[in-house]
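Some structures are shown below for you to check.
Two complexes follow with chain A in common, the first pairing it with chain B and the second with chain C.
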Partner chain A sequence: MNTKLKVSEISKIYPGCIANDKVSLEFESGKIYALLGENGAGKSTLVKILSGVVKPDEGKVFLNNKSIKLNSPLDAKKNNIGMVFQHFNLFETLSVFENLSIDSNKTNEDLRVLVNDILKKYNFKIDLDIPVLNLSAGQKQKVEIIRCLIRNPKVLIMDEPTSVLTEQETDDLFISLKQFSNEGILIIYITHKLKEVLSLCDEVAVMRKGKVVSVSNTIDEKIESLANKMVGESLNTIKKKINNFKDSEEILKISNLNFESDDPYETNLIDLNFSLKKGECLGIAGISGNGQSELFQILSGEIITEDTSIMFRNKEISKLNPRERRDYLMAFSPEDRISQAAVPELKIYENVALNNFKSSNFFEKGLVNEKKIKDHTQKILSNFSVNTDNVELKSQFLSGGNLQKLIIGRELITSPELLVCFNPTWGLDVGAINYIHENLININQQGKSSILISTDNDELLKLSDRVCVIYKGKLSKIMNAENVTPEKLGILMGGGSID
Partner chain B sequence: MEVQLIKIEKRNDVSRSIYLLTPILAIFLTLFGGGIIFFALGFNPIEALKFFFITPISDLYGLSELLLKATPLCLIAIGLSFCFKSNNWNIGAEGQLIFGGIVGGGVALLFYNHDGFYVLPIIIVSGAVGGMVFAMIPAILKTFFNTNEILVSLMLVYVAKLLLDYLVVGPWSNPEGFNFPETRQFSASARMPILFDGLRIHAGIFITLVTVFLSWIILYKTYLGFQIKVSGLSLKTANYAGYKGKIMIIIVFMISGACAGIAGVGEITGPIGQLHRNISPDYGFTAIIVAFLGRLNPVGIIFASLIVALTYLGAETAQIFLQIPKYTGQVFQGMILFFLLASDYLLFFKIKFLGLKKNDI
Partner chain C sequence: MIFDLNFFGMLIGAIMASSVPLILAASGELITERSGVLNLGVEGMMIVGAISGFALMVLTDNLFLAVIGSMLSGLIISSIFGFLTQTLFTNHVASGLALTIFGIGISAMIGKNFVGIPGKDFPLLLVNLRESIPFLGPILFGHSIILYVAFALPFATNYFLKKTKLGLIVRAVGDSPVSASNQGINVALVRYSCILYGGAMCGLAGAYLSLIYTPQWIENMTAGRGWIALALVVFATWSPLKVLAGAIIFGGVTIMQLHLQAIGLRIPVQLLSALPYIMTIIVLVVISRDSRKIKLNTPTSLGQIFYKEK
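So, the complex of A and B:
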């Protein structure tokens, strides 16, 4: 039987962020659909709505032309919508079979027969009686898939399934997915990996900033065209005046940066080398999850790596922690402004005190100088037009834009020599974006340098003097921003090469 | 039929008044729960509660006993608040208390025929160091080997208890003690000065009060306190701010261990006057309840320690007058913690009454 799934005018608004803005999409069984988009584009929210985890503010979901209510994950299960999340939901110490039987209402004997049939049919090789912790990531994923298959799903949603898989496991997964699709299961495949979309899927819907920006057949698409749709094409952006840095002083030199992580969800960095001149802005583009977060943490000193050399104004700083690096006038604005750059439960002035630059001297002889911190905070609030003058307000009451202004203000008010920022305008409204962009341009004009790690190509091309792309933990060559087109970036972001 | 509709909503902000009121609510619920238990046991609940909570402190001796029991509870809880505020779960204060007692007691035994003003301070300091060292074991294992501090600190309690057992039965037992499992009596200069004749309350209370004051300064007025607060709220942020997380873990455990160690010394040089098997009626565990009932706030902890100390006294009176086991005290302590955790639900959620609605069914 044919399965049709339709979402109609779905909207979901979180405070300060429109996660889904009137999203309408139609899916039909027999095809594999890709839902493509950056982190924060709204695809996870849409998927959570389809799996009953999140309730939409507006809009409806239709299954075979019948409107269905998805108030809980249980409703999704009742409607035969199966979901495999990126992070596995398995009990590591229980056996595979115990994990499968937890949410099954079948008797153990029936279930075992059924599971063995599934294993045989799809050629999965998994020992049902060993604990899940002994399985590889690919096998754990198969357990999750089996858990869905037990319920005869009409729709199977896969959320970033290949992020922890090896290439061989990825190939196996694709074979299975194609087999499911041939058997009439509607498959929705969520990813930000462009190559996978082209090799696996029939149709692709691209989401950006909460909206569906395009729906097309994958046959008509190339890696670059998808990349551009995903991160936004550069439309007449006014580039800032590019300076000639040939004779400027070199302020930062990174050599031999390597990072190997124990965590399979992190990306390893391979042999990064670059340098930065006084007054220059270096943009680092890339699709998220290619090592940006790891690179940021190494630059900020949250991760200390062996053998890497970071020379900042001719001093070796690679072994210093973030606070010590601030003494050398480096400033950092991380991507996660809500849970990392600031603590929502703390008052504004306490959040300002987090980053104690030497010149601000918030803590004399180990004691808190509350007055100094509050005066300093007052200055940030007015200089960076944060929409409050109450330093005692808890930061959780600031909108995203105001919080980001506060953070950027905190970093910039001591005029650091280098600002490293990571997606500084992510999720903000246009006004706040422009304000932050102005500030970032300003610091370069004052002879201060910046590194802009961003997944927004518009932003990168607007603000950077030189640009490079990070892909699977490796940096492309560094190009002058004026010679770079969105197409070129698109090719590099998808793992291709130019010239 | 009409029904009252109730909606439970998440609060946007935790209001300060509710934050301070829930512990009081928890205490009232405990009294109520206790009343029900007494009723089920066949007592008049009001009378029984009176025996439990009023009689013990209706005379000067009772008040002195209350302060005597509150002194170690408050001291240990203050130390624990450093750990808990920074998300370090030190469950082993009982072990740190005992080990501090062992070290302090050992020093006291060394000086058993010495007199001098210097004896007591040396004992107190060595007890503090003992507790500190013992608390550093889980801290160091956590920072360098990623072990779980809850398990390690808890299990070390039994190590300390067995060590004490061994010492008082074996090498340290009183040579003139007819093989009773206890050491010699400490010399007079090794004892905490008694504040009032005929009452057991001793100078240890001043150590506790000074510690409360110092910890208030450290927690709210120093960089270290700020770092502890930030690390407790978000480790990610603390890491980003560049706080030395590992050293901080060790520092908070050291503070906590030192407080427990001094509490142990206070017991053996105060009311007990020697080492024996039971130098603490689980003060180290009960102090965890005190710390949370006091909202990890130094002033709150003072009040909480008085209330919890009362459950110890009440249990003893109830045993005498009502012939019920003194373990009822632990039942009350358990209820306080239970109701406190339950009423904390109100911190994050509010209950809305939406009015009456016709029920169609």
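So, the complex of A and C:
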């Protein structure tokens, strides 16, 4: 049966922000629809409204020409609207089967039969009786999809589904989605990745600042045209960098890095060895959860391991704490801006002071030199075009992009010899990404080195001189970035091997 | 020889009796914490249960009413905590501490008129069978119904959490209230229910103290047992059967050290009194070392306030 979904004049206003401004869209089964937009464009709010998590201030939703009420997630389920969230809505400590059974009215036996049928039909391979925390991101997503399929959905909404997947897993997902679409499920695909829109979807609606700015067939669109619609202005492309430091001296050498964790959420690292030259950027790819955060913490000194040797500028630093490593001109930009890099409740200048490089003399005789810190902060704000000049502003009021600019600026303004960054552009919009990329290219051109741990392959290939993949705590061989394609990385990220 | 065996039987019986309030309170708190709510008010809820049970016994002369009343009073006082943390979104730790202070205060106030009144004999089951089997007789028979309930409770709790749909929902809420809410589970309702259940069990634990274990009212008679129960839940890594083991060890070492004191061993009394605490922690830490299992049992959202998006 044909399914028609229509949202009409939906508005949702949060304090200080219009998340959805009279959004009207129509969808029909048999097609895959893309909902495209930057972070904060209002996509997530719209899908939260469709899944009953958030109530709109105004507007209506029609399913097959009937107005439906979506006051709770249960209402969405009753109307056969299924939703796969960007941040998985799974219970990590429960088994896969428990996760599936929690909102099913079937007996466990019937459900198991049904789930096994679904696994077979779509060629999913998942052990139903292990805790979800042992699954890979791709498998977790499949659990979410199965949870929707159990209820025979008419509409399936996917919110940024590929942000945690490998290329291979993404391909598999697209095959499944096309299969669902052929079976008559209406698919709405939310993303900010332009390539995916063109390769998967039939129609695309672009949102900007809470409004729908364009609806078109993807056949008529190109990456550039979509990007410009999404951002609302033309973007300058960054020039690919040229490395002038091919034969320069070695600045960092890691030998025998082993790490065994007692924590089942963490990954063990097995015999990592790599080195880095002056002015070079080493990219480390991989699906999140393969040991990246452990590696980052070992580099930054948050975790100290036995027997590991870290030679930095001809000095053994493996037993030094983060503060002492910073004194040797290392700098770090952790993955999680809010909880690891900055304290959101503190003011901007206070967050800058937290860094406390030896050279900056923020503290004298145990007292805080507030003026010095504020002047220093002002310099960061203007040099790194953070969109405020109020150093007294609490950091939580900065957008992700501005906060990341502040953090990178805080690290770079002291001219470190090595910057280690972990997913520096995660969740940022195109403009901010461009800006951060420019800065990262700049430091290499000034002869400073960087290690870029990232889950974004395009970013890695754009910025790195050499690149390798971390998989289950092991590093692949290190390759010259020019010789590597995203496909090659994808194979390595999934545990495969290439010649 | 038979006399010796019976003595040991009696000793074990005494140990069981002394562990009952801990098992009851800890099992209740375990359910509360499994739903992600950290209620530090156990001591307060226990003492309120103790005074309400005793007062109702004196006023109505009906032990059944007294027991039910003590559970109700535990439930009512825990509902204050529920309202604060689930409706007004106050901090769990501060609210729980306030509850304990409030409970101790109000029980002392009500209890003023009940000091010095003798308790009543609580009916014991199958007393005449105690002598029938050496050693096992005093262990198995001649206890109050509440003791049997207490010893069954950890097994029932384990079954509830692992095998039933409701138990699954409680664990899911404790794991991730956001996911649960997005799945259409009423997180506040689940958490309220778990808080109230925990309150009722703490009330019952208090009543066991004032009606059966030491049948009288003394101000502050819970004497820190609520805190021990709280610690048991954590050290037993939220596993009901380990709570049972911990409570028995604590009760056991408490009774043993009293005997050691009576013998007049040349060990400082302070050290002997500290023994139950030290032993319980050591044993529970040793039996709960599997970090994987700890992760799986620990309610990830423990103590976190959950707001529903509007």
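Note that in this section the second predicted complex is superposed on the first by the 256 of 499 C-alpha atoms of A that agree within 3 Å, B and C clash if a C-alpha of one lies under 4 Å from a C-alpha of the other, contacts with A are read in each partner's own complex, and residues count from 1 in each chain.
The rule is simple: contacts are C-beta pairs under 8 Å (C-beta built on N, C-alpha and C of every residue); 3 or more make two chains touch, one makes a residue touch a chain.
The model shown is predicted, which means the values in this text are computed figures rather than measured ones.
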item: First (chain B), second (chain C), both or neither touched by A:Val54; value: second
item: First (chain B), second (chain C), both or neither touched by A:Val215; value: neither
item: First, second, both or neither for A:Pro322, with chain B first and chain C second; value: first
item: Contacts of A:Asp336 with chain B and chain C, given as first, second, both or neither; value: first
item: Chain B versus chain C as contact partner of A:Ile130, first or second or both or neither; value: neither
item: Partner chain(s) touched by A:Ser72 [first = chain B, second = chain C, both, neither]; value: second
item: Overlap of the chain B and chain C footprints on chain A, listed as residue numbers; value: none
item: Interface residues, chain A side, partner chain C - complex; value: 48, 51-55, 72-74, 77, 83, 85, 88-94, 98, 101-103, 131, 133, 262-265
item: Footprint of chain A on chain C - complex, ascending; value: 165, 168-169, 171-172, 175-176, 178-185, 291-292, 295-298, 300, 309-310
item: Residues of chain B that touch chain A when the two form their complex; value: 13, 220-226, 229-230, 233-234, 236-237, 239-244
item: Sites on chain A touched by chain B in the complex; value: 300-302, 321-326, 332, 334, 336, 339-343, 345-346, 350, 353-356, 363, 366-368, 394, 396-397
